[in-house]
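Order of writing sets the chain letters: A, B, C and D. Residues in each chain are counted from 1.
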Amino acid sequence: MAFKRRAVRLLLTVSLVLALHPANAQTPASAGPVDPALMQDLVVANRVLTDLNVIDGFGHVSMRHPADPNRYLMGRSLAPALVTADDILEYDLDSNPVDARGRASFLERFIHGEIYKARPDVKAVVHTHSPGIIPFGASNVPLRPIFHLGAFLAPDVPVFDIRDAAGTTNMLVSTPQLGKALADTLGSRNVALMRGHGSVVVAATIPMAVFRAHYSNVNAQLQSQALALGGTVTYLQNDESQKTLAVIDQIHGRAWDLWKRAALEKMPGK
Amino acid sequence: MAFKRRAVRLLLTVSLVLALHPANAQTPASAGPVDPALMQDLVVANRVLTDLNVIDGFGHVSMRHPADPNRYLMGRSLAPALVTADDILEYDLDSNPVDARGRASFLERFIHGEIYKARPDVKAVVHTHSPGIIPFGASNVPLRPIFHLGAFLAPDVPVFDIRDAAGTTNMLVSTPQLGKALADTLGSRNVALMRGHGSVVVAATIPMAVFRAHYSNVNAQLQSQALALGGTVTYLQNDESQKTLAVIDQIHGRAWDLWKRAALEKMPGK
Amino acid sequence: MAFKRRAVRLLLTVSLVLALHPANAQTPASAGPVDPALMQDLVVANRVLTDLNVIDGFGHVSMRHPADPNRYLMGRSLAPALVTADDILEYDLDSNPVDARGRASFLERFIHGEIYKARPDVKAVVHTHSPGIIPFGASNVPLRPIFHLGAFLAPDVPVFDIRDAAGTTNMLVSTPQLGKALADTLGSRNVALMRGHGSVVVAATIPMAVFRAHYSNVNAQLQSQALALGGTVTYLQNDESQKTLAVIDQIHGRAWDLWKRAALEKMPGK
Amino acid sequence: MAFKRRAVRLLLTVSLVLALHPANAQTPASAGPVDPALMQDLVVANRVLTDLNVIDGFGHVSMRHPADPNRYLMGRSLAPALVTADDILEYDLDSNPVDARGRASFLERFIHGEIYKARPDVKAVVHTHSPGIIPFGASNVPLRPIFHLGAFLAPDVPVFDIRDAAGTTNMLVSTPQLGKALADTLGSRNVALMRGHGSVVVAATIPMAVFRAHYSNVNAQLQSQALALGGTVTYLQNDESQKTLAVIDQIHGRAWDLWKRAALEKMPGK
């Protein structure tokens, strides 16, 4: 046991060194330019998530390249509120940048790459430190859907404890191995919590990923308040949640339109 | 029992299909134009409720047509913060649009139509997902008036559980039958909570409906905080609440004037 | 007992009728114009208290007339955020307006008049429905100073229950008798809570009254959070609070300067 | 015992009188001008901490003089949101101003001077009354790192009770002796709470001090919410926190860049 754990740690350390060493990183080919409207949505998602207090100076959002499922797009290492189209970098699914142009990448980009590998249905990924979410990641009280707009939290929200994957760490999902472990915990679900850290949220589109990231946070706060009342709390039943997913599919664009318009109004030159 | 429930579900499904099928919807006649000042109040109510965080990208507010009690007016399917006079549609009390002009209606407009049918005294209806309210809708702890501005919550606030009306659903009040069941739960009261969803608030005017929607949410948050103190909480007695209703009638315009002015200042072209 | 209570109610009803009937109200003489700088502070206090979320569309702030201790000044019945110098009315200590100029007065002006009668040291009064405060007014958990800026809450904060003074009411301090009962409960203290309603805060200057109204609300929220942690809470000892009062005297102008500047920047034509 | 305590109090009183009496204060020599970029960071830190709701009209931030470890720089007695470069005063480590230019100094500047004396590694100090922090200072529930961005709270956060140092006081750290007692409680840590008052936060740079002041407050609020859920809470282990410190070193500039940019945009003439 002890030997196995030490071996895993050695492997992680070596991987980390390799990942951080530019000379050892492959330089993948680009999948080509992206539809400007989609690119704008990615930029806007950075702003919207900040406006909604889902992310602050940290956190990130990515999308799978529309022309190549083996590439994804994400801002360089920068506060999301400051991201413009020029700050978006392209990565392969091992999270090597296609052309970093001398710019730093997020240490935790492996969250995105490994989820895109494991989940062909996922086209957008958000990583948050949302204030409503972190308490649930640190508690043994499970996050559950308390209202219809949180139905995507069914059937359950797993908690990824990095300690189970790699013992004592710096808490960051900063290697492919850790990204894969997180993707394994996420499985086929929409949201996973990360103990002592935050959450990861996935969806088939950017507007839906933003919707889920926001309403995860809202649902968490509502659930906290309901529990604090001291009575019995009734959550959505699983079959109710399943039926409600179609409603969210149908209506979530209404919120996205509102958020996007507000974000664009504040962007210079738009 | 099982047969009866299946019959009810079948009926609901058929009704839903019919309601959604334009060819089967009656096209009612219009009750004519509305006083622009009243129309402005309806538009402003959408903005005010958003500014007060009573509604977000979802939620809606309607008013009964001043010239015809069998018609009501409400924004098309759009985030309330974006509603202008041009977005207001007219409906009959079965919630058929008079002239949809190709615009989508809220799936839950039946909340409004069925309450207007059941309650001749009601001239304005608000449907919310307010953050203070949802915890009480999910808890067995009843919402009660904790200060004078919440007196309209007396004598009690019922909770509508859609499961009691129709078993497993998508949580939306999206048929006349569900709207009627909600109206039945509301009865003669001012506010009803909706389990796992939000609330419905009614009044004889738009300013009073907005007042009640806002102070329902405020009262809920104050009650949560009072309960969290861990001591005994004293609520308004029913006879106190009854006497306080006249005070609210007298003073609520002071808040409306403030909210309306702030909303108008932010509206373009006003 | 029953007879006495009925007699008291009759007396209150008659008093209310008389107070509301203009023909029976005395028209007192004015104490003359007020230093514009002081008048500005009164107007600004209305804005500052709104900006600090201490008051909303309701609540009021008054000051004793600097030239005549038997007069006080307060805005007409209007949301505080909208008050300008032109909206300030002068009252005698029975709360009769000197010259109402056809404008409505606050129903609860007797809070102010009766406190000015009972407390010659008081030059400014604030009446609030602050969100931190109302839970303590409804709970048997006492509000206590949890940090140095709440030291003025020592030695204790009484709770005025209008039911004790007048049985079932509309919750408003809308007669001289109720104002006097509230002043009696306040005694020589700086703050009194009002069950199911809000608070009253007094001081020798407008900046100090605003300071105390704000930090009452802040202290209440901090105390709520400390209690929610579930451990033992240590409050300021009375002798610590007494010593700290001199500190607050010395430093409270620093906050007032900041708040006033921010409020003036937002006032049109200033 | 009683004699000793009285002697300590007498000494404190005498010291306070001497400290407040300009004639007895030494006038130290200046260490010379400061790099304008660093000076701007100090000014900006005042604004950022206000924007983040870490400080309000009170609280302060200082930096050690880059040219002389025996001098430090801090705003005059003024609300931090109003501080400009012209308001920055220079002090020796006994907290005597080099040239007060007739301006008042913070009564609690000894917090800064005594910590700079005791901690050569510290180059920036923040004193806060943060809303998340005060409940923990008043409670026996310890503040602990609940997420990676709070790792600097390890291994523990001591609580300074001024009563232990000097019996009944006005709660202010207004003498060198009290400053030294606080520095002793802080020891080699990054953060100390102050019972009934607030906190002190230290770092090797201004951006890191601001980061720690903000995320102390955030961590406190997250921990409160996690405790309120009623389950078991898992904190960062000490070895996790130690490893995470290097991450924070690496990434904290990303938040500072965002905060600084937003603050500069709001500063007149910038």
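Everything that follows uses one rule, which is that contacts are C-beta pairs under 8 Å (C-beta built on N, C-alpha and C of every residue); 3 or more make two chains touch, one makes a residue touch a chain.
Every value quoted in this text rests on a predicted model; they were computed, and no experiment measured them.
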Taking each chain's centre as the mean of its C-alpha atoms, which one ends up farthest from the centre of subunit B? D
Note whether the interface between subunit A and subunit B is symmetric in residue numbering, meaning over half of all numbers used appear on both sides, and answer same or different. different
Rounded to the nearest Å, the gap separating the Cα centres of subunit A and subunit D is 35
By residue number and range, which residues of subunit D touch two or more other chains? 228
Across the complex, what residues on subunit A touch subunit D? 56-58, 77-79, 81-82, 107, 129, 131-132, 134-141, 161, 163, 168-172, 195-198, 224, 227-228
Give every residue of subunit D touching subunit A within the complex, in rising order. 145-149, 151, 218, 221-222, 225-226, 228-237, 239-240, 243-244, 246-247, 250-251, 254-255, 257-259, 261
